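Right, I'll just put the structure down here and ask away after.
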Amino acid sequence: MILQICLLCLNIFSLFSCQKNHHGQFEHSDLYPKNQQIQDGGTLVIGIRAEPESINPLFALSQSSRNIIRLVFSRLADINEDLKGFTPRLAKSWEISTDNSQITFHLRTNVHWQDGTPFTSKDVVFTYQMHINPVVAWDGMAYKQNISSVEAFNDSTVVFSFYENHRSMLSDAVEGYILPAHILQNISPQNLFTSDFNRHPIGTGPFQLNSWIDMQTITLLKNKRFYESGKPHLDQIIFRIIPDNFNLLNQLKAGEVDLVESIYPKDFQAIIQNWNHGHSDIRPISYLGRRYDFIGWNMIDPESYRNSIDRGESQDAIKYNIQPNRLFGSQKVRAALTMALDREAIMNTVNFGMAVPMNGPVSPILPSYNEAANIVWEYNPQKALKFLAEQGWTDSDGDNILDKNGIPFKFEILTESGNLLWEQVATIVQAQLADIGIQVTPRFLEPALLYGKLLPAKDFDAVIIGWSVGLTPDFSPLFHSSTFYTPFHFTGYYSREYDRLDELAKTAANDDMAQKYYDKIAQLLSNDLPYTWLYYRMECSAVHGRFKDIIYDRRGLYNNPEDWWIPLDERQYIDKVFKK
Amino acid sequence: MILLAVKNLAVQIPQQDKTIHLLKDISFTLKRGETLAIIGESGCGKSTLCLSILGLLPQHFQTAGNLTFYKNGVEIQLQDQTDPHFNNIRGSIVSMVFQDTLGSFNPLFRCGQQIIDVLKEHVSGSPIQNKQRAIQLIQQVGLNDAEDVFNKYPHQLSGGMSQRVALALALASNPDLLIADEPASSLDSMAKNQYLDMLRELKDKTNLALILVLHDLNDALRFSDSMFVMYNGRGFEYRKKSDIQKTPAHPYTRALIDIQNSLNQTRLPQQIPGEVPSITKLIPGCPFHPRCSKRSDICRTTFPPPTFFLNNHFVCCHHYFKSN
Amino acid sequence: MLNGIIRRILSAIPTLLVGITLCFLIIHLAPGNPATRFLNPSQTAATQEIIRERFGLNQSLPIQYFHWLKQVLFHFDFGYSFYNGKDCTEVLISALGPTIILSFWALVFALSVGISLGIFTALRADTHVDRVINSTMMIFLSTPAFWLGLMFIGLFTIHLNWLPGSHLHSLYYDQLDSFGQLLDSVRHLILPVFTLGLPLAATVFKYIRAGMIDALQSDYTLAARARGIRQSTILWKYSLKNSLLPLVSLLGVIIPALLSGAVIVEVVFALPGVGRAMVTAVFGRDYPILMAGASLAFFIVILFNIVADIFYRILDPRIRNSAGGL
Amino acid sequence: MKILPQKTQTNQSMTSGCITIGLVFIFLLLGPLLTPINHTSQNLSASLQPPSSSHWMGTDYYGRDVLARLVFGGRITWIIAIASTFMAVNIGTIIGLFSAYQGGWIDLIVMRLVDVMLAFPKLFVVLLIVGLGASSTSLLIWVLALFSWMEIARIVRSEVMSQKNRTYIKSVRALGLRTPRIVFIHILPNVLGPVIVSSVLLISTIILVESSLSFLGLGVQAPSASWGSILNDGRIDPLGTWWLSVPAGLLILTTVIGFNLIGNGLHKQLDLKKIV
């Protein structure tokens, strides 16, 4: 499991495949009738906001890069919608050894790289070597920690060996796209980051890169050698780079762009309206994604932390030398702040309904999610004031600002500048906390400054940001004491109970056992409130109605691009204009 | 043979509350080969007179009277500054050398080029002929190193040179009448005399008519055939040079002559009492009366009507007959 | 004259160097860390160090600087983008194309509109037409370019749907015949060129009109008229050349303004130019791109200053012939 | 032909400039009287509403009163512009005076520095610093000032250079006055005219640069506001939410025109020949 900053998403796995009637906001047009003859051809234009940095799975970070990589490359297997089983891709089958220490993959033999070279087990072994090469610094390296070796038995058989028997062995093994050894082995790992391959990738996926015009368009053409016969159906997929959000939506409306992801909830409302009233061919698509937003409280005193670092103290020093934060060191204060916020109002205002409430650390898309395990702090300003009074915070001088020992309750709340949603949340939080006499100054910071300097140094009061979550719940980078000094553990949360539960959950023999510990973790964290969880976001996307058989769910939108197709009678100018 | 007749020329600037009269009732005639000196103190309207003959006054100036050029019999109504006839006259019949000669060159073009531009306008000829003609002109105005001057930029010319090149420019169009505004006034007296001598020679050679605007009476007496004395935008006296030298008819002219004589005889120069009136100030009657020793009541109220002599010559003074 | 030009070029070198050094300091001393992008909880400290090493950020600032300078001076190598590992020279060269196209047409537009309207109104100084054009130009001079662009997009792209509001070409540009391609490019360029060109045209207009009025009221024009030189010659040969003089010196001002304007216009109209590359690089703290872009911008500005000086020398003999000059 | 009186002209641009700026100033000064609503107070249920009787200029995304924000943002815009102009003028004047009066190699170095600074494409560099540094209003003021003083320095220097050799300076020098006194008492008042003109024009330039930066999201940071950032709020849909984009744009335009008109007017009034 991985948590990442600023919407750097891995694959999305989610549980609730259709949110349709749950929120009742719009009706999905269901999949195209199955008896319909699928017709090949046509063009899909996808509007993206930023130029992909690299179409090399080793270096791709942004959502758009990852989407293109999904089209160009393949994995051994893709996870199923139930998050339990896997669909074979480059591997046609696999078996787990009886002692649970090895997985043997049997590869397809009809697969060719897009340059015509056959795909073999050498590529799988080579990819593993790249994944674990520290010089490459692949960001998913953690997945491969439990793998002891990957060996090719023959051209079509690969054996993965593991150190320990984990529940995640299969998903660890298939994580990561397979790279072409015959091309990349000639490039030294140091030079991979700057190699031409990143701009002219060769994969095994359903589409292959045709052209990349800087900051304008990236064109992918159908891979005629694709291993699943008769697929893909679309002739080409064009990524059009449109940095300005307004421009992007406008082109979507004008039909120049067919698919847009991560639409602002407010704009999404308009798309829903138009679709429901039949004014537009743009189909709204929404599903619970991977992102949630929260307020992180700095639980320790920044100065004592700095001193501790300066003295070069070890982790143990946490217990003895670091002072709790003068404001947020107390659980009661954090609980009071949580109760003082009308989180439902915040959620609805910034998300226009395109979010669900979140009260604890486990993301609702995960199998281990259990709403009942969380302690819920309902909006209750009176109770918040009571909690604060118990901690000594009262408005003793009548200036409408709470104070304690003559010190007013004032703090700065940081967030990333340019993130419309978080800026709004900060502004609303300021207004709502002002109502109970707490003076908050929102400060919007450059991401590099926020994540590169202030958070790692734990030099802040409170911060509004969001995480993007992965397949399995793993909160240790955020809350476990072993990660106390790492940049992601910025709240300075420390609990021996948590450490224990965290380790138990990880090593639990089966899912049911693990579930018990995750419930306990949820209860503990939602009580301790190192974060005040705000809401869990729904992904808002839109696609032109002529595209059929798009399967979207928690895993995301790019689950079956090779199956997407357009009926002949709905083809548009752009589907016909391109010469073969 | 008469070349130019100026009749009742007047120039004024209308303003919101009043009208400023720059020139009033100017009349004179000019024969071929004749040199007319226009005399007057600064601000009396000499330069305005020159420009109005060329039709070059600013748009908002109002003009009246008429100009007749007898070469082609053109009569120009001065009411209309934009009279297209001016286009046929400027350069080809009348040309002018400005007081600030350096400022009258376009700083960005070579002297030769500027002369050729004039030639192109007025004299048809091949480029080579034009260049030869230009060099010839430069030599004609007394510059020896003509080829060199031809290639010079205006700012590279010395004061004397720029006077001469300006003259060459004015002569390039082969005019019948040349107006020179304060010629060579910036030069020392020796260079000035040389220049004026050259001008006279040129005139004699080509039968050119000259209007010299001068403030130095001495120069006027030496180089002109007839003189036009101006004061406050009016013509006071217009007569042959010899007549004026012997018997100045107007008290103002007499005063000027007296000052000149006193200078020549190294006596202490006499001065005309009072100040030169501003052109913007309207003086009723004879504008000279505040400074005139002979003034009487009528001078304060009425401008004296001209008393005519031969050839349209005249004097404007209430006391002319009395004093004679 | 040649001597003067060489001296001018030599004297620009220290200017360039100081400017670039200042930029290097500004960029590298700014708070924040470009490696932040690559942070990841699963990384070990060693991996993070490898990433820093990959970008040369593990070295001290002077070493980074001299290394950078050496690479630029001896190999013309501006390094690789932190963002995508692309060669900075390539990135900028590919981004320079659209910027040059945009700036060129904006300049052509500004000069043609500015000069013709400037002359037109100078000949009609203080008439109603003059006043109307003058005030209109004053408005364009004071309009923020981004607002103008936004309003253009709002009106012509969204409301009227006449012209595209982004990109250099349509998606199906490659499928068009050559006339269609030309038309397509023109349609895409109209709004950005207007947005960038209008304020510039107003500047040019201001200078030409003033210069023209000055020239037309000057003694040499009066003298030329006295010599009987035709009005058209006076206008197109004499006055125009004189009024172009201040414009040439303005070239040194226009080019930086053009570059600054291009930043905004490229962002608003999603054009793949240097300006947009720079804005993206600022947000992403892509140091090598920023350095390469800043160096390029400096170089262009200084180059055009020199060109302007040379033009000025050619046009104005007074400077050309003065000893040393400049 | 200098003797001929020119057609007298009233200084129209000065008058209209003063009226324009005066109106904007009154708007900023008395704006709060027009709307009792605080510029930060939100009404989340009334997001992005068009102008109505309760919100004369409509509301923004957070349901904040746009009129109140225009007043507040305008003050910020003006404060930034005037503060950085003030600083730029001071820096420029001091450097210009110093450079011109010292002459020699100091002058040479200073003028080279001016060349370097002028070679920076302004928006480019300001964008660089403000974008890389922590965006704060005071940093913005400083950076804008630091990249705007060069014109003033040049003007002051050339004016001082020409004044320096005039007879009256020579004569006060002969009277034994010391340099600083000569500079501040005798030379400075004479260069004041051109400096005032160019600093008024500088205000407009800075307003344009500041609003461009804020528009790009690099200048004034929310929840504070400037006209540029209000315009940026309206970027989501410039015609759909015209009450965000049009008034803010017009206010920038009006202010810039106003200052430009005053600058031109002063230029005419003080009868200065060439300031470019």
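Each chain gets a letter, A, B, C and D, in the order it is written, and its residues are counted from 1.
The rule is short, and it goes like this: contacts are C-beta pairs under 8 Å (C-beta built on N, C-alpha and C of every residue); 3 or more make two chains touch, one makes a residue touch a chain.
These numbers come from a predicted model, not from an experiment.
Across A-D and C-D, the chain pair carrying more C-beta contacts is C-D.
Central chain (C-alpha centroid nearest the global protein C-alpha centroid): C. Inter-chain centre distance (subunit A to subunit D, centres taken as mean C-alpha positions): 45 Å. For the pair subunit A and subunit B, the distance between C-alpha centroids works out to 92 Å. Distance between chain centres (mean CA atoms), subunit C to subunit D: 22 Å.
Note on chain placement: the centre of subunit B and the centre of subunit D lie 53 Å apart, centres being C-alpha means.
For subunit D, residues that reach two or more other chains under the stated contact definition are 1, 131-132, 134, 235, 238. For subunit B, the set of residues touching two or more other chains reads 51. Among all residues of subunit A, those that touch two or more other chains are 244, 418, 446, 449.
On the side of subunit A, the complex with subunit D involves touching residues 244-246, 264, 266-267, 345, 349, 417-418, 420, 423-424, 426-428, 430-431, 442-446, 449.
Residues of subunit B touching subunit C in their complex: 51, 54, 56, 87, 89-92, 95-96, 98, 100, 103-110, 114, 117-118, 121-122, 153, 155-156, 166, 169-170, 172-173. Those residues of subunit C whose C-beta lies close enough to touch subunit D in the complex are 14-16, 18-19, 22-23, 26-27, 30-32, 138-139, 141-147, 150-151, 153-155, 158-159, 219, 222, 246, 249-250, 256-257, 259-261, 263-264, 267, 278-279, 282-283, 285, 290, 293-294, 297-298, 301-302, 305. The touching residues of subunit A, counted against subunit C in their complex, run 2-5, 45, 50-51, 53-54, 59, 61, 134-135, 137, 139-142, 190, 193-195, 198-199, 213-217, 238, 240-244, 247, 250-251, 254, 256, 418, 446-449, 451-453, 477, 483, 486-488, 574, 577-579.
Of all residues in subunit C, only 218-220, 222-230, 233, 237-238, 241-242, 245, 315-318, 321 touch subunit B in the complex they form.
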